[in-house]
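Each of the two complexes below includes subunit A, the first together with subunit B, the second together with subunit C.
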Partner chain A sequence: MNANLRFWLGAAALGLALVAGLRLLGNDYGYFAGYFVLQYVVLAGAWNILGGYAGYVNFGAAGFMAAGAYSAIVVRQWLGWDLIPGIFAAAVVAGLLGLGTGYLTLRLKGVYFSIATLCLAVVLQTLVVNWDYVGGSRGAYIIHARDIPPFNSYSEMLFIVMLALAIITTGIGRAVEMSRLGRGLQAIRDNERAAEAVGVPTLRLKLVATTLCGALMGVAGAPLPYYSGYLNPEAAFSLAYAVNAIAMPLIGGAGTWAGPVIGAVLLASLQQAATVTISSALNLWIVGWMLVIFVAVAPRGILGWFRKRT
Partner chain B sequence: MEFDLSLLLNGIVSGLLLGGLYAAAASGLAVSFGMLDIVNIAHPALMVTGAFTVVVLGTWLGLDPLVVAVLQAPLFYVFGIGIYNAYHHFFEKRGDEALQGLAFFFGVMFIIEVGLVMAFGPEQRFLDPSYAYTTWRIGDIDLPLRMLVPGLFAMACIGGLFLYLHRSFTGLAIAAVAQDAEALRLMAIDPVRIKRLAFGISIALASMAGGALVVVQPVEPSSGQVFIGRVFAICIMGGMASLPGCIMAALLFGVVENVTATFFGPSWSPAVAFGWLLLVLAFRPQGLFGKAA
Partner chain C sequence: MSEVFFRAAGVGKRFGGFVALAEVDIELRAGERLGLIGPNGSGKSTFVNCISGDFAEHDGQVSLAGTVLNGLKPHRRARLGMARTFQLPQPFNSLDVLENVRVPLLFAGHAAEATDRAMACLEQVEMADKARKLPKELTQVEQRRLELARAIALNPRLLIADEAMAGLSNAEVDQIIALLFKLNEAGAAVIMIEHIMRAVTAFSERLVVFVAGRKIADGPPRDVLALPEVEGAYLGKQ
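And then the complex of A and B:
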């Protein structure tokens, strides 16, 4: 309990320090870049719950994230609801998507689930492109109010929302790691048959993990249309999300709650800094190479350097 | 909409032709994924790479795309061997295939796709062979050579592969490594060497499928994405390691996808791939023609 309290207090203090620091900086770009990094903390943390603990690879981060983003758009167009209800809707839609994909494929070997998630992104994109209500291939606009009372600016509000989501996701990841669920998932990763044999309800645990993973990825995407003001399928389904969601936890250290945070902060800051100086394609290319090199040379990520081999 | 028989017939025939291309794309995967148990999700990306090199070399040499595809295949064979060596050294030997190996191939796929964008730009590339606009007609049925020739080319490639796997010593060794790698070691054959060779062949097949792809349609760096669903669905439906199963599944798949496109519009066809894949995984993971495991 004490450790839990310390984690949440520490996270809250860190969050407040970030907000205070950015306020002192007084530059909108700070919020913009901060949001960019934090959305990846959420995405990487979500991937880690399934990929890091259970060893099941979800390639469809872009698909789940776009599902969240478009849920937010639909909720806004249909019911006129704003950002926060949009985030909940995104969690439900993307979570169900994760549950459905998992239910259909998780009784087989893990690779089938991975392949299914890979295709899921392509098919969701097809659906969205053909769906005129959310703008089809032309994209959708979100018109937002300029200044919201308790916050200094719109970008500050989005930043704080994303900060809260990042802290919650990391907290969930940590809670999973400490709980029976996390231990069950780790048993699945190490030896699924043995886990099944000693009575771990493997299918149920995997389904809980896929649902949680999908929902959190959706949550990461929900504020995206508010952040960019305009969303088209090309941007929402960008491969950058899919590759970063895998690269960040693996580089930081998959299977630990802190790993994805470290990977996301490192890689996202690097990309944010690099887009200013080099082209975005080259930028992504570097991420791809880093992913390949890290999984080959340092399969336990940066955190693995500090922990002794088990 | 009134039911139109000739529309349906044409849909089926061009679906069969399209299926030939899909068979070419999936046959290499039947070797790597089906026989060697290497989940090479970069396979479609390598096919698109093959398509791009066909366009570049074909334009430069002034040759037919399919001729170029055959000529460049040895290069891709060597490239495939390089990829397998890295995969084996870092993942297979350590027993890290599941998570890290998948991430590795995903990274390779990503590097290839972004690399193609950087080298060629995101726009479409094409190389029309001399017969691109000729169409044979049999009754009501159109047989565009643009589809027929790559389809036959694909069948020839797969036929060659089939003969190689069933007649030659190394071919039989590949089939053996698929069944039991340890037994092969007992017979003093190095399973790693055989797997390396087989993986090289699968990548050479990917590049030849790329040549066929260029004839059928213009290619862009992201063309591979739609093919991931297709080739894996076909490979699984065909019963993983079986080449005849792969061809049957590909033809069936081409027909279903093309008939869907004819009646509902082409923008829906990627959805077919995923729908099939999910249905197959949920109800017949051993494949349409495979035996229960």
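And then the complex of A and C:
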């Protein structure tokens, strides 16, 4: 059996086991918490394509995620279409946003690029706050059916959708890593000037990466209004998304397809545990401490730490 | 004698009011070995950056095998057969030696046979046994060899070796010269920018001298080095 088939079969088996386990548990909270973790698997995997492989740190994850969330709201308001078309619309809108951002900012290097992406999130938030059609600063409601056959509950449906998105995102990350695109991005991360000199079309590859990264971040955000039932700009552009999108791949092992998955599962589970046992106000505090610990002990993340020892 | 296939005509570069390079003309025939010398700050690296595309904006025209290169990005020039090495080796540090050499092949339309070709390039520079090592595990001369292997992977018609021997011992310099000769025998013209006069005179069949951004001499090494203005400007004699 080849490695690709093994990956997809393994991911599908793990997904089925998760759904079966949560059904046996019979508690809606399991789906709720699972969705929370999986949305970060998608977000961290998306960030990793540009930040992990190419070394371009995107501080605007919240902006792309919110672009996806509001695209789903617009599709719903305008056309009356539901979640799945909303996810496709989010991918297109956030992907184009990524392409445009890349075209305008990728001549900037290092911290200048990062600041430009941060500015993008601020500009988008200002636009949304002043856009009445999507609720402006008041926010927008999504009314949904209580149950959606053949799913046991609405929460289960959302969990399964996010699970599928997480598997697809991880598969895309893995495909990028194994491909010519991935090698080119790694060369750019290590030495952009040398990469150009040996024939790597650096600008084109970076544009592909920003588009893919943006589209997947948008996809992570599209189900958000369906998940919470209500979305306002403050929640959609939350600092937590931007911080977690960076911290999770770094802690799991940036530049590897499995790193963001490990980091997202670890950090999001810790945050979810803190939310239900203490307070969600502790979430960013936990992320901050984890980052400090990992920068000091394992700067190349969990995967890097293990590889160093094998 | 073969026809001119590389031509830099009136190439110049200013940084604000400072003229780093002024109307330099250099022609090269296929398979020719050119040495480019000059004191620090004479414009050698500026010239290399202009012709390799690192400086997108400059005066004059650069052409390779009849194709005007002005406006082309470095990766397009690389695909047309222009390869370069850097003053300080610039490997892809997270990739092992083999992957470093595979990168140019993946983007030159040789993805299917990239591994075999990369191994062949490493064999040419006698680095096949280091294929799975990371660049940081290599010695200085091995890093230089890796740079050359990466350049060979581009199947170059013109190789620009920018101080490829800086910091090496005499024996290591001889190894790099031998490699450059091998590459030249395979058909590549070579521009060697170098401070090590022993290497330049041993390798070059023609010598160009830059001083203060201007070309002051161009000809056979023995004749050029005997010119009083070269001695005065480059070797510090009156």
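Everything below uses one rule, namely that the second predicted complex is superposed on the first by the 302 of 310 C-alpha atoms of A that agree within 3 Å, B and C clash if a C-alpha of one lies under 4 Å from a C-alpha of the other, contacts with A are read in each partner's own complex, and residues count from 1 in each chain.
Throughout what follows, contacts are C-beta pairs under 8 Å (C-beta built on N, C-alpha and C of every residue); 3 or more make two chains touch, one makes a residue touch a chain.
Predicted, not measured: the structure shown is a model, and the values here were computed from it.
In the superposition on chain A, A:L83 contacts neither subunit B nor subunit C.
Between subunit B and subunit C, the partner in contact with more residues of subunit A is B.
With both structures placed on the common chain, the touch criterion links A:A11 to neither subunit B nor subunit C. When both complexes are overlaid on chain A, the residue A:V93 reaches neither subunit B nor subunit C. In the superposition on chain A, A:V129 makes contact with subunit B only, while subunit C stays out of contact range. Judged by the touch definition given at the top, the superposed model places A:V57 against subunit B, while subunit C stays out of reach.
In the superposition on chain A, A:G110 makes contact with subunit B only, while subunit C stays out of contact range. Looking at the shared chain after the overlay, A:C119 reaches subunit B, while subunit C stays out of its contact range. In the three-chain superposition model, subunit A touches both subunit B and subunit C at residues 189. Those residues of subunit B that touch subunit A in the complex are listed here as 39, 41, 86, 90-91, 94, 96, 98-100, 102-104, 106-108, 110-111, 113-115, 117-118, 225-226, 228-229, 232-233, 236, 267-268, 270-271, 273-275, 277-278, 281-282, 285.
Listed in rising order, the residues of subunit C touching subunit A in the complex are 52-54, 73-75, 78-79, 83-84, 86, 90-95, 99, 102-104, 106-108, 111, 150-151, 153-154. Interface residues of subunit A, counted against subunit B in their complex, comprise 51, 55, 57, 59, 101, 104-105, 108, 110-112, 114-116, 118-120, 122-123, 125-127, 129-130, 189, 239, 243, 246-247, 250, 254, 279, 281-282, 284-285, 287-289, 291-292, 295-297, 299. Of all residues in subunit A, those touching subunit C in their complex are 180, 183-184, 186-187, 189-191, 193-203, 255.
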